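This report concerns only the one structure given below.
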């Protein structure tokens, strides 16, 4: 009898587990399907190449938001990548096991746990008001750097740590300096992992709204300098949904966003797969 | 000897960049407490946290309604997300054949990647009218909780899955060799062994739920009265005050208050971190 | 690419050493019979002294074998070779001792006339020496067939020994005064016969190296 | 100066002299009072039970232990009469001079050619012709040239385990060291590949001083000229029990503990 009941529990449990998986998959299909079905019909060449009108009308396309997004990501990466890689190198290659390292690690972990709105307020206080960059691409980018730094550092550090310790030993035993070892062996081996980290950060930057809302302003025009404001794709979705009645435009913009995110995910997976294969010596 | 010079130089440069994050953290703490603390002394911590009324016009600054709103949304969404997330993690790690896994896994990753405004938007357009059929306007804790559930689900799934996978297969083999069914093995051996990892996943998911802003503003409405289920309420409203309406900063008093909430929140985050991080 | 070059080199060295020792023993046998025929006391004296070198060589090779076993973990044919080498060493050393024994008899005989002209004893010696040569050859070539054929020739040596013994016995029965001189020659023949037996033992070892089978081939009657 | 005679080959002692060496990880003493005189152009094996400090000792010889935080050294190790812990010694040059081969083959995930050329490049050799010559010579010395000469551009990770380890040896040879340290170089290899590496070591011993740490006593017996036996003391510090010619150690050890260890009767 016990056997039968064990089998029945097993069946029920499995049903529950499969149910969970199916619900998750359904959620994804509903969300993505809804956005794409509602949004894609409105996406056309004109939509992509005209500027939004701004204000309460919700008319126009998304050109300036695409430009702002690219601008913002470019500026962010220029600052983020060197600091992030440097930081990760310090943590994985140099950091001794002492109080200072623990403080730095604690800083990074805490930073990673702070919600983006807090970064936004911080950016507002420091960059927008104290340093008077006003609502601008620069303020937004600096805030994003603060926000993304923990992601960049931890992902890069993972990539560096995935490089076998034996490579380091071998290089040092051949009589290289520590920096030669890092720059010639460790970094090149970790490049696909680091690229993955960068793409991950780009993905997050594209999706970020809250902290940019209070640092970039909402100008619908194409920004002409670092110190001018702008709105990213995500911000545009928010403005359209909350301040206008142009839900169709909001959906169209959201559809564009989702397609970008899908592409970025695919790219990340592909790169990560390559990285793993390379570490296993299959490439 | 240039290579020795490069070696030294590189060491200092990476050390400085390593220290950047900590400096950023210090700056954040500095700014938020500097702006927030004076208001605390002005109104008093007790009144601030347990004051039921937020009405800057008549000098009433209590955030109790927002705290209750936040807690309610978090709890309801976690109640929905935790069982679903764990079930899905078990499916991915233990049950599903690799073909299904190769569909489900990217799906979960995609859920992480979708920007929160898109969640908010879908919630606003799809869910709000749906809930309003049940009663109220649709801008409610329930709506917010469902949206939040979808948002924290991937966090819980991926962290739980990783920790389930990290359980050595010898444990499973040991249990199966004793004649246990697959479910008995999962329940009796795998889940207990992966307990701490799953716990971390839940806590991280909760962190994401508490900190989420944009999607919440879009689906929860902006009421400052005490929340009733399915009715308008405002979760942790000061967020919306500062973010949703930049005008609030015109009133210096109110701006200070916003920062005070920040300070409180910051403290909570730091505390919460220290619980589940080694 | 040859592997275990070092081990192979050292094993070959040991086999070469066996050949050297074999030729030393062979020379001792030839010399002992020559001394006997010529009643050359000086030569016999030298031979007895030279036996030391054979003994010395034996210990040297044994030492090498032990070192090889201790450090190289020989297995299968290598193990059989080294273990057999240790046995062959003993046999060779004993053959050397027999040659020295003949030399001692030469000293006893001194300048006395031989009882009779030596015919069969040199033939025995030639036979035994040729057996020794061919057994060493078979050892180097790992040739079990050759080794087997050497063993069959032991019967010839045994027959010759019977013949010598009977002949000398006739002398002793006819004239008891010849007993001392005849007995000395019987001892010489006996030593030669024993040497041939030892050589068959060596051949058995060679067969063991090649086939891995241990068997008594030519059971001697004596 | 001690003169050793191994297999008819004469070796001069004093290539590496270890004097009263103590080594600590923090407060834990890993090695106690080691005194050794390692001959040049010979193979010295270091054997002993796990945790007896063999590897720690080996890694001291090219100061790889410098990487370990909180390690401390007393006493001296002299390479050709010069203390390697001296402040004037450049550790990078030392490591170039005292190469190391590790337990697991660890070729870099780049091409075979680049693996071998890596060391010389870092030491400032840029000339393509010169590099090609170095690569060919190193691979030939490591008895790998014939197997890889047609695929120098391929990833080194595509080679078999034994080939990878010989590649690592070739990589060490490319920077022209005098001493080669090997930390259980065959423990990840099958018996055939192991024997090949051992043969290679014997060939290299004509021109290089080789020190090998091995768990495999038989291996120590097979390849080495001198053997040092290390053991853990009751407080878990490693110490040198016996040092002598390999055939002596394996046929007639002086110390009871050595005998017990090599006969498998270790208490």
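Points to keep in mind about this one:
As written, the chains take the letters A, B, C and D, and residue 1 is the first residue of each chain.
Keep this in mind: a residue touches a chain if its C-beta (ideal position, glycine included) is under 8 Å from a C-beta of that chain, and two chains touch if they have at least 3 such contacts.
As the structure is a computational prediction, the values presented were derived from the model and not from experiment.
For the pair subunit C and subunit D, there is no chain touching both partners.
Relative to the whole-protein C-alpha centroid, the nearest chain centroid is that of D. Compared with subunit A, the chain whose C-alpha mean position is the greatest distance off is C.
Counting C-beta pairs in contact, the chain pair with the largest number is A-B.
Rounded to whole angstrom, the centroid-to-centroid distance between subunit A and subunit C, based on C-alpha atoms, equals 90 Å.
Distance between subunit A and subunit B, defined via averaged C-alpha coordinates, is recorded as 16 Å. Our note on geometry: subunit B versus subunit C, Cα centroid distance of 96 Å, whole angstroms. We define each chain's centre as the mean of its Cα atoms; on that basis subunit B and subunit D are separated by 54 Å. Under the contact definition stated at the top, the residues of subunit A that touch 2 or more other chains are 177, 180. Put simply, subunit A touches subunit B in their complex at residues 6-7, 9-10, 13-14, 16-21, 23-25, 27-28, 31-32, 34-35, 38, 82-87, 89-91, 93-95, 103-104, 107-111, 113-122, 125-126, 146, 149-150, 153, 177-180, 182-183, 203, 206-210, 213-214, 234-235, 237-238, 241-242, 247, 250-251, 254, 257-258, 261-262, 264-265, 269. Interface residues of subunit A facing subunit D in the complex, by the touch rule stated above, are 96-97, 164, 166-167, 169-177, 180, 184-185, 188-189, 278-283. Listing the residues of subunit C that touch subunit D in their complex gives 1-7, 10, 66-67, 70-73. Those residues of subunit D whose C-beta lies close enough to touch subunit C in the complex are 7, 143, 192, 195-196, 198-199, 202-203, 218, 221-223, 246-247, 250-251. Taken together, the subunit D residues at the contact with subunit A in this complex read 62, 64, 67, 69, 92-97, 99-100, 102, 104, 106, 108-110, 118-119, 122-123, 155, 157-158, 168, 171-172, 175.
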